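Each chain gets a letter, A, B, C and D, in the order it is written, and its residues are counted from 1.
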Amino acid sequence: MPFAGIDIGSTMTKAIIVDHEEQILASVIGPTGAEHRHLALKVMDEALQKAGLAMEGLDFIVATGYGRISVPFADKQITEITCHARGIRALLPTVRIIIDIGGQDSKGIKLDTEGKVANFVMNDKCAAGTGRFLEVIAETLGVKLDQLGKISLTAEAYVQISNTCTVFAEHEVTSRLAEGASIPEIVAGLHEAIAGRVVNMVRHLGMEKDVVVTGGGAMNIGLVRAIENKVGFPVLIPPEPLLTGALGAALAGHDFVRRGVTPDHGRRRERVTFFQ
Amino acid sequence: MKPASIQLDELYVQRDKHAKELRDSGKKVIGYFCCFVPDEIITAFDMVPYRIQGSQNKAIDQADAYIEPMACPFVRSCFNKALKGEYDFLDGFVAPHSCDTVERMYNIWCQNKPAPFNHLINVPHMMGPSSEKFYRQELDYFVKSLENWTGHNLDTGKLRDAVRLYNERRAVLRALYDLRKSDPPLLSGTEITAVLVAGMGIPAAKHIELVKQFIDEVKGRPLPQTQKLPRIFIWGNELDDIAFINLVEECGAWVVMDDLCTGTRFFWEDVPETADPLDGIATRYLYTHCPRSNVPQTKTRAGDLGNRYSYINDFIKEWVVNGAIFYIVRYCDTCELEGPDLREYLNGMGLPVLMIEDDYSTSTIGQLRTRVQAFLEMIG
Amino acid sequence: MEQKEQTKTTAVKGTDMARKVRGLVKNIYRSAHEAKAQGKKVAYMMVSSQYDEIIRAMDVVPIPTENYAGLCAAKREMDRFLLKAEADGYSQVLCSYARIGLGFDSLRKELGGIPEGAPDGGMPTPDMMLGSSAVCDPRYKWFQAAGRYLDVPTYSIDVVWPPVDADLKAVRDHYIQYQKEQFQGLISFMEQQTGKKLNKERLWETIRLSDEAWRLWYEIDRMRVAIPSPMPAQDHFSVMVAGYYYPGMQEAVDFYQSLYDEVKYKVENKIGVIPNEKYRILYGGGLPPWHTLWIFNYFESFGAVFAIERQYRAYDPVEVPSSVKDPVEFLAWRSFLRATQFYEKARANSGNPTVERLLGMIDRYAIDGVVFHACRSCRATTIGQVHYKNILGRYTDIPMMQLVSDMVDLRDYSEAQWKAQIGAFIETLAGRSAR
Amino acid sequence: MKDYIKYYAGVDIGSVSIKAALVSNRRLIAAELVASGASYKDAAQKVLYSVLVQAGLDAESLSGVVVTGLGSESAPFPARQISDISCQAMGCHYLFPSARTVINIGGQFTKVAKITPQGRVVDFLMSEKCVAGSGRFLQVIARILHVTLENIGPLSLQSREPVEFSTNCAVFAESETISRIAEGARAEDILAGVHRAMAIKVAMLVKGVKMEPDVVLMGGGGEDAGLVLAIGEALGTRILVPEQPRVSTAYGAACLAELDLAL
């Protein structure tokens, strides 16, 4: 009995297929971009191929993430918040707080002792504290996004970046550079700013051990260190930080079947693409 | 004859249609802000009270040249319509001193888009005997300036009738709300919002007649799908568009009760019938439940919250609510200071709360879907 | 990891007395802590609520929570308080004074004491909170919300002002009557809290002292018409401490007396704030950018001095009828007359009392340009600036500019943008004088 | 010959790109544009050098230089600093003597100025923080739509039903765009929607300075036909655009260097 979860984020689309023992049969990560309704199917097919399955062979498909509404072949749509919680519950049962730093938004999720969502927060209409913030600044600095983490670790001090508006932080960064601040100091300052914002947002859920960081942000070691600094203790990082949402979706599908929810078999494989 | 549901819907879509017709037939239409300008007084002068609304589905494309963008977007949207001439049909413009922004807007409005009659009613922020007296005197002054403008004296008999009329409308609307007590409720929050907003631009008598018919129609129609869904209470300020409540219900919930400027806040309590009707009116309107009004502190914090929110407690018990969503139109200082207090109180009763701050705009609402759906998944 | 050193952000003052104000500020919180230690009653309060003299007459030591927020900003110590309030659920667009105050109270409750390194020793836990509806809505809602951290008796009063188009003869009596009753309500509340009756003689005395201080202050500002300007706006935003935070105290009178002498001397000897004064700017309104007051010196580096300001200059002295024999009634009258003192002028001309004041200043102080400061989180002092600008434009063609940030929250400030705007503004002034 | 002609340079140091212009008797001799990158100093040096090379000159042959733009403080060579609003006004004045209102849509800010027949600024406004009035906004959208900046304009002009955009934040516009795409909106309609949103903001600034014709649009925004159209519609007036809108502020700076006005 295989189950699939597909997580369509703003920058990445992830798919996972698990069996009835909840062992991962296949996982795929691809870019989202404008044509994501097209790519959703592409990524799904890749995963099916890896698992040696056909879509008809899947007992349940759950879609989550930004693009969840536009997945014609999914049996159900669930928000990434519930899915992250479900995924983490399976991976790291001791976790009580999830900090997810995605491309478009960052979330804080509080789990109860059964690993169910007890409360959550999302950044409100401001990109500071999201991956995009770092992306934009990385562009300005002419630094590769995946290098930011290592670079910041080489800094002894950080410069304060007070502007939380991404566009205006760019000015601040460039004027700091003009003042002679080093790139590592600035990158460290950015991590400091984002960590401060995100941790502060999560704080009003009540900080509680263990804390896990997921999403693209978890792959930035500098940012993770800055977060640990603010939280005051080490945080956990899942083996595949990008996949927790998709995994949670697949497991949620299993839960549905257990609860006797029958999948809608009108799964449509049409390739709705953006530019046609 | 069209069914009331259709007529109400048309009025909701074209809020000023009927008011304009009445004006063409020689009636005077008086526009006003918020919940502190008594319809009864305007009606007693044989004029049509018109609750000024903005357009959540239209961008604010003129107002910024007159008022700062960090002002309440609802008020800015209303003024934006005025600048475009969409309120030129108003014979009068009345603003209560409900909050800093509305008070400021009164002067900006009068100096750029004056109506033939303009008046500001100063509403006390504090509540107590001396405030009642002062507010009553402000109403006297309002009556006087209406008398000067219209050339007619206020007819106390007509004022009494108006009080009865509006109390009847309140009763009818409460009866409509009662239809949501059952599970599933007989009608959606989206429908209710449209019905309430539709009534803000027409004489009470017509609204009463339509709502009565509508109630019969609702009772007559088949029960909605019976799948068990969370029952939501909405708190906030101006929600004169169905978009947000519709989103909540689309995500799988029933909006069964509210405390909104465009909901129970403006009609729930009756005006007591007093010897001098203005006394009853003053009391009723002064004690309108709005964050801008300061309920005197009673002893301890717990007692104070209980005292401030007991009416919400009743709502939640009677309408069997499972969760509360706050929808705060950004830059409303009093709501933003009240929200956390109310959340503390509701959480204390074990009721989960989702607090949302948003622009007064339907096109941002899509971005709230994840938040709302996750909240429903959490409590469901 | 350590944070890198900040660059200097406070302003260089023009007068010696302004430099002495720091001591007055420190003393506010020191004396509050001392009073607390001696078992005296201390109260959170909102300045210029028209009740200041009552608090002094009741021997209650006031803690001006708004001033504390400004202080935190000037010391660049605001972030942890703002963030705390936001974590507690207060919006980032809510009055940043309130966010600092609530964040401070929240932290103090959580830590069970004054947060370490809080500027000037922090604010002691008050015995009561006294709000008011004067100036803006958050000034009573804030203390109501603070009940979450401080379970202490709280009382707020209305301070009502009629609209400019009101028939003053028709409304005066009920406005003054209500104001009087509001004050009386406050007095009986404070009598309960302190167990002391109000001594009316004492109240008359505090009224006399504060009126005397405000009269002197008024005279000082009249001297500021002098060219070159003897005292700039950044000094005003310091010396206001005496008038707003020490009303009814001899300290205020003495302070303004010495400032009067200093300004008089500077005027007589033509000692200007800057050597080559080219342009005289009017600070048209909006709370000052406490986080970046050096910006006034940045203007000065172009020869532009802020000769006068509208902000924190609530009213000119008023004449209360001598028939008024009761001090509380006197306060009610004074409040009404202060609020309406420019109404007649306005009705005769621009229709807007604020615009009338600005026009008067532009004329008397030989102003070349007007600068407004819009604060993202302050509705009360920001909304209307664009409107004033529009109406002013009907009477004068001098350049006007609105700078946008916040009184406290640095996240709303963009230095790059300000410098660009200021540069262009100065060049606009230059262009005019060149013509 | 060269020795008898005086040359003046203007360098506009923006946070996205740095431009230089070389003039003689207000005539544009050479112009160049480079990306700002992490070091303004190097880029500014480079761009000034390259206009000199184009004209076959060396630094000595410059009679005056004016730097402008947000980064003007970090100019690596001796030069007079003048704000970009004055420079854009002067540049506009010499390109279009009939101009009375000048709009400059740059990478980060939008600036609007009312100018006299002599090219003097009498009033000006700058786009507010977090307002969809800057080129950045378009860049962000173009990125997710996989549309190159050059194609934004032409594509947008094909739109029949522009999407209504609400957010003022460049980065949040991205998430709004993604939800729009999910709803099935077409690229041209999204772009046209962005243009409209920007045009509304820009028009509000223009109204703020009490617009007078002719209206000129300079800066990177001038290269975007869709944006020019939307602004023209929002203002109900004809919009003039110079040939090289990006360098027109640098050109104005060079003119100011030549005029050496008391500013």
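Simple rule for what comes next: contacts are C-beta pairs under 8 Å (C-beta built on N, C-alpha and C of every residue); 3 or more make two chains touch, one makes a residue touch a chain.
This structure is a prediction, so every number in the text was calculated from the model and none was measured.
Visitor: Would you say C-D or A-B is joined by more C-beta pairs in contact?
Guide: C-D
Visitor: In angstrom, rounded to a whole number, how far apart do the mean CA points of chain C and chain D lie?
Guide: 40
Visitor: State, to the nearest whole Å, the distance from the C-alpha centre of chain A to the C-alpha centre of chain C.
Guide: So the centre of chain A lies 46 Å away from the centre of chain C.
Visitor: Between chain B and chain C, what's the gap in Å when you average each chain's C-alpha atoms?
Guide: 35
Visitor: Counting only residues that touch at least two other chains, what does the list for chain C look like?
Guide: 88-89, 386, 414, 416-417
Visitor: Mark out which residues of chain A touch at least two other chains, giving numbers and ranges.
Guide: Where chain A meets two or more other chains at a single residue, that happens at 66, 125, 165, 168, 171, 175.
Visitor: Using the touch definition from the top, which residues of chain B touch two or more other chains?
Guide: 64-65, 357, 364, 367, in rising order.
Visitor: What's the contact topology between the chains, one of line, ring, star, complete, other?
Guide: Shape = complete; every chain linked to every other.
Visitor: Over in the complex, which chain C residues touch chain D? Could you list them?
Guide: Answer in residue numbers: 386, 393, 397, 399-400, 404, 412, 414, 416-417, 419-421, 423-428, 430-431, 434-435.
Visitor: If we count contacts the way the header does, which residues on chain D are in touch with chain C in the complex?
Guide: The contact residues of chain D facing chain C are 15, 70, 81-86, 109, 111, 113, 116, 120-124, 126, 128-129, 208, 210, 261-263.
Visitor: Mind listing the chain B positions that touch chain D in their complex?
Guide: 57, 59, 61-62, 64-65, 69, 359, 361-364, 366-367
Visitor: Using the touch definition from the top, list the residues of chain D that touch chain B in their complex.
Guide: 128, 164-167, 172, 175-176, 179, 183, 197, 200, 203-204, 207-208, 234
Visitor: Using the touch definition from the top, list the residues of chain A that touch chain D in their complex.
Guide: Residues of chain A touching chain D: 10, 32-34, 36-37, 66-67, 69-70, 104-105, 125-127, 130, 132-133, 136, 140-142, 165-168, 170-171, 174-175, 177-178, 183, 272, 274-275.
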